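Next come two complexes, and both contain subunit A; in the first it sits with subunit B, in the second with subunit C.
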Partner chain A sequence: MVNATLAPEPTERAAPDTSAAVGIRVRARHRRRQAVVAYLFLAPTLLFYAVFLVLPLGFAVLLSTSRWAGFDLGDIHPVGLDNFAGLFADGSTFLAPILTNTLLFALGTLVLALAGSVLVATCIDKLRFQGLWRTLYFLPIVTTVVAVGNVWKYMYQPGGLVNGVLNAVGLGSVAFLQDPDTALPSVVVVQAWASVGSAILVLTAGLKSIPESYYEAAALDGAGPGTVFWRITLPLLRPSLLFVCVTQFLTGLQSFALIIVMTKGGPGDATNVAALEMYRQAFSYGDWGAASAAAFVLFAVVLAVTLVQLWLFRRKGEDA
Partner chain B sequence: MTPSPSRSLSRRHFALALPAALLATGCAAPHRGTGRPGDPVVLTLLSHYASGELKKALQGPVDEWNALHDRVKVQTKAVEFTDLLTTFMVRQAAGQGTDILHPYCLWNGQLVRAGVLRPAPPEHAEEIGRGYGTAAVGSASVEGRVYGYPTEMQTYALYYNRRLLREAGVEGPPRTWRELEDTAYRTLRRDRYGNTLVQGFGLSTFDDSTTVGQTLALLSAAGGRFVSADGRSTAIDSPAGRAVLDLERRLVDKGASAPGVNVYQAFASGQVAMVISAGWWTANLKALMGTAYREVGVAPVPLPEADGRRATLSTGFMLGVNTASRHPREAWEFLRWLNSEKVRGATRMSAVQASVGSLTGRADDMRTLLGAGGDPNLHPFLDALAYAVPEPNTPGAQQAKSLLRKNIEALWTGQQSVDEALRSTRRQVDQEVSRSW
Partner chain C sequence: MIRRRFPWLSYLLVGTGAVLTVVPFADMLMTSFKGPDEAGTLPYRFLPRAFDLSNYRAAIQQLDLPVLFRNSVVATAMITGSVLLTSSLAGYALAKLRFPGRDFVFRLVLSTMMFPPFLFFVPHFLILVHWPLAGGNDLLGRGGAGLTVSIVALAMPFLVSSFGVFLTRQFMVSIPDEVLEAARIDGAGEFTVWWRIVVPQTRPVLVTLGLLTFVDAWNEYIWALLVSTADPDVMTLPVGIQFLQDHVDPTRTLPIVMAGLVLSVLPVLVLFLLLQKHYIRGVMLSGLK
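Then we have the complex of A and B:
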């Protein structure tokens, strides 16, 4: 009886419940459809990343723990961590001099390019025809590396322009690219020269964003040019400097085109860098496992260096 | 909520478009022929004969074959030599490997290990063994098995500038290492700042091949070898190896050699008296030097002692058939026609090589072709085919060569002593050639 009395009640309450449930289901279906449409729109981008980033990355991970000659995809043999062990084995040249050269090359390029670009950008900021000067300094960026490398190579030759200048002031010739002690610094100078244009572009933009009122206040307080540069310009340029530091250093760690053109990594291993060694291991020697392992070691170095740079700048209150 | 007609239409379109796109992509794949009646087999040949003269030279006989044969056609593809190995790799991995490959013999071990090269059928292997010199057959073989028809063969000899030797009071080219050193020191000239005006003996650091080639030519002349006969260990750490590195180090230390200067330009400009290089260079020198080429002479690589047995280095290319080729029989038949069948006393390949100033490993062909007023400077290279030692081509040979180059350069630039260079080369190369693949 109780059941019979109470029986219609659920039915009466069920009506709004049912319509609510239907509403929820419709909304859910609608959301699902929206999600499908959203994924369809995203599909080209996701596919692009899958094909050009995730897939190669996964393949590189596989290769770094395998032995593969580069010809037959069915001929990949797992070797565990042997490739990594080989890089750091006794007698291997990867750690020294190759990785050391890579860091010296990147650091040297960064220091020279940064110092040069800060100096030039500050000067340009005070000159007329700033666009013209920026364009002139940017020209090496739009010049092919092969041309830059070959021109500098001829300038460094024993009878070349640089030695000609040294001879003209009574100094003896220097075998810049043939002497293992001078080869790496000589290439670093060219890389810095070639990359200074982009740094100047970023820094001049940074200089423009510094409010003029700071300089006016400093002038009223009687601050000299040195004080203004160290206390106002440089601190306020920090975001631009951070960007230049990170990008230049990363570029330096991964560059090898200029080295191939100028020295091919020689004499001996004096200018050999990690990216060049990876290229040779893979494409010349057919050892894709060693090349991929070297790539991951370089990736770890790049990541560590970038994190250190970010940490250093963030301590000073700057975001990347 | 009913799906809108337009959405269902687009889904249908998508469902139709996807297979259509895949089909279109498939249809766009290169046509390779099926061999069915009316549809000729198309063999593809990948070489480094990409420049005008070389490309034209190879295209001649290929056109002739295509005109004579209806059922099997040949299509040539070419890339620069520097891209050749990479192209082999990429095409093979992508399932687009050509039927016929034209590799540098140094890579043969690597290509055989990777299963790219098909061994020559017995009748072709026999024909190759019969028709070519020992060095050529050795270059085209891996562990005693022949993998293709040798094509371009290079032997190493001594180039010298007659005028510079004459001006230094030297009568003729050196025959022994003592004479080589003496001539190098006598022809050396410097300005007051120490810049070298004329190098006595050029040591190239241009690339692996030139740097290592000259050293291995001297090593062969001294009776030594780079790697052991079985290819599993290095053999350069020997009295012969030590003698070669000592000689090179002395020449550098005394200023007769200035490694780093582009020897190939400097010799042509009359700034180098002597260089050890391969035969291909004669054609380049003729083009570069014009009438001054008449001052260029070529002599066999000097020996440590006058009564020693002649030897030098030989390198080369060969034409082989891809394991992935669907028409290996036709490919081998084409190669036999190109490399073995004689027309006017020489094979078509020999005629191709002679036309660009190069040699094949068929000494009889080359004598026929060069006999009628060819460049006399090519004869020492031709003679050397009889006594040259082929470049090692074991798996890992390319890396071994690069490692040797690095150590040679380290020696020349004073980073290593002769002992250190030999030890370091032995350790590094042994590690590489003994790897189990």
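Then we have the complex of A and C:
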């Protein structure tokens, strides 16, 4: 249908023979027609943005400043900033432990994934069987969080693999997910385990872009492996490292699927994070206002990190 | 430097990391063969007593696996198909057509990627519940359950991908204008130009985008969980397996859950192994996952 109505007429193409005025008119019509086609091609995307982006954002802003039981849309009561005040009121668990957990979770996964990926990426570069290593390290990334979470939950159990190994080497059992002190670090390990593969990928690409001649020059000057790593590899890898840090941290701030699967935020609030709290306020307690307010607070944190990232990358561009 | 002087150290380190990566998968597979008294007891035994397939039979029956499988396939197909179609259409318009507002729309596409997904769970759910004239709702979206009781609900928030639009646009920019102009002079409409010239030329990037979208859609959990609380009939594989894990005696059903997980992970793993290059290229293009 689109094709039939919008195919250019043959006369339009024969325009150069006629007078200049007609030519301009024809060209203007052609341009108008292309604009119509363009917006037809964009229509599904723009319609989607209207219904699933603009409308929900407006709705979320409205809900975050309202009290609503969740049934009749005419029953929404404006309450100003009460929902936000409630999150930060005395006795509220939002700031501590929930928001601190969120930061610890993001920071913990960042540090572990970064350490692991730097180690592996610097070693993997010149090894044989590159394809095999890459495939293996990538497996967790294409695996559903339900599988990852349940397998690790099972491995952390008193009779699971991890405690089995601990017992075999003479150490006692640890109640990883049941003990409030070990629950969050235990989940952090799994999140880092699941995301280290893509960090390795980015860092490997970064390492490949460092010219071999730098290493040769350093070898001629008699630099040891430590010096080469600190003076050449690490500084030249800085853009990739920065990229891994920021994206890892942003993902960590927002992730809660793994926590839902493994601990549901427990024991107590030991592994509760901001996005999970938003989810629970909405779908467990029906407090749409508090949920939307929590979402916007987390969004503010995410936005701040994003802006810092932009600033860091821009500054790096000026250095170069 | 380190790697040249001590190649064995590199092999040891990378090998250890690879083993740590694979062990949970191996444990999942081994547990899926174990009997109810074998799993989760000390001293820990990695290998099962026998490679018994009864857990797989139990998983297929207890989990209603064919239904879960069908729901996952339908939702994933809808999402992947729609993302490919809408991305290549919008990408073509933004790359190769001239129209007022083009820069604005392109900037809009880029800026939408700034909004994190968690911001939308609550309003998306409420919008689907109050969708007018669906699931018993009136024109104002009152009275019924809206679209949440439909399998379409699983796919709706993921039908368009801004990243997809951006990616296809970037690739289409490099198609020479002369090729398109020649087709237009031959009398081809824009739709024909898009379908006959632009889509075939951008097939590699569409394969990559399709693969990334497929894996994400197949593995999606949070939204599918929400929709299935409204309507258990539209449970997907991850949701259904987690449901079994949460609601039936965990120690008794653990091997069955692991068997279900093996079956649910298998399609994506096979696809990944077959099309690895495309997938890894996609991850590089999209930054980190």
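Here is the rule we use: the second predicted complex is superposed on the first by the 254 of 320 C-alpha atoms of A that agree within 3 Å, B and C clash if a C-alpha of one lies under 4 Å from a C-alpha of the other, contacts with A are read in each partner's own complex, and residues count from 1 in each chain.
The working rule: contacts are C-beta pairs under 8 Å (C-beta built on N, C-alpha and C of every residue); 3 or more make two chains touch, one makes a residue touch a chain.
Computed from a prediction, not measured in an experiment: that's the story for all the values here.
In the superposed model on subunit A, is it clash or fit for subunit B and subunit C?
Once both complexes are aligned on subunit A, subunit B and subunit C clash.
A:A60 in the overlay: touching subunit B, subunit C, both, or neither? Say first, second, both or neither.
second
Tell me which partner A:Q157 touches in the superposition: subunit B (first), subunit C (second), both or neither.
Once the two structures are laid over each other on A, A:Q157 reaches both partners.
Looking at A:R31, would you say it contacts subunit B, subunit C, both, or neither? Reply first, second, both or neither.
second
Identify the partner contact of A:V142: answer first if only subunit B is touched, second if only subunit C is, both if each is, neither if none is.
Touch partner of A:V142: subunit C, not subunit B.
Count the residues of subunit A touched by subunit B and by subunit C, then name the partner with the higher count.
C
For A:P267, using the defined touch cut-off, is the partner it touches subunit B, subunit C, both, or neither? Pick first, second, both or neither.
first
Applying the touch criterion given at the start, work out whether A:E216 contacts subunit B, subunit C, both or neither, answering first, second, both or neither.
neither
Does any part of subunit A touch subunit B in one structure and subunit C in the other, and if so which residues?
70, 72-73, 157-159, 163, 167, 173, 283
Can you list the residues on subunit C that touch subunit A in the complex?
1-5, 7, 9-11, 13-14, 17-18, 20-25, 27-28, 31, 39-44, 46, 85-86, 89-90, 92-94, 97-100, 102, 105, 108-109, 112, 114-127, 130, 140-142, 156-157, 159-160, 165, 184-185, 187-192, 194, 215, 218-219, 221-222, 225-226, 229, 237-239, 241-242, 245, 254, 257-258, 261, 264-265, 268-269, 272-273, 276, 279-280, 283-284, 287-289
Using the touch rule from the top, collect the residues of subunit A that touch subunit B in their complex.
26, 29-30, 67, 69-73, 75, 91, 93, 157-159, 163, 167, 172-173, 175, 177-180, 264, 266-270, 280, 283-287
Along subunit A, where are the residues that touch subunit C in the complex?
Those residues of subunit A that touch subunit C are 2-4, 6-8, 10, 13, 31, 34-35, 37-39, 41-42, 44-46, 48-49, 51-53, 55-57, 59-60, 63, 70, 72-73, 116, 119-120, 122-127, 131, 133-148, 150-152, 154-155, 157-161, 163-165, 167-168, 173, 193, 195-199, 201-202, 205, 215, 218-219, 224-225, 228-229, 243-244, 247-248, 250-251, 254, 256-257, 260-261, 275, 278-279, 282-283, 288, 291-292, 295-296, 298-299, 302-303, 306.
How about subunit B: which of its residues touch subunit A in the complex?
Residue list for subunit B touching subunit A: 1, 85-86, 88-89, 92-93, 110-111, 113-116, 193-196, 205, 207, 258-261, 396, 398-399, 402, 405-407, 409-410, 412-416, 427-428, 431, 437.
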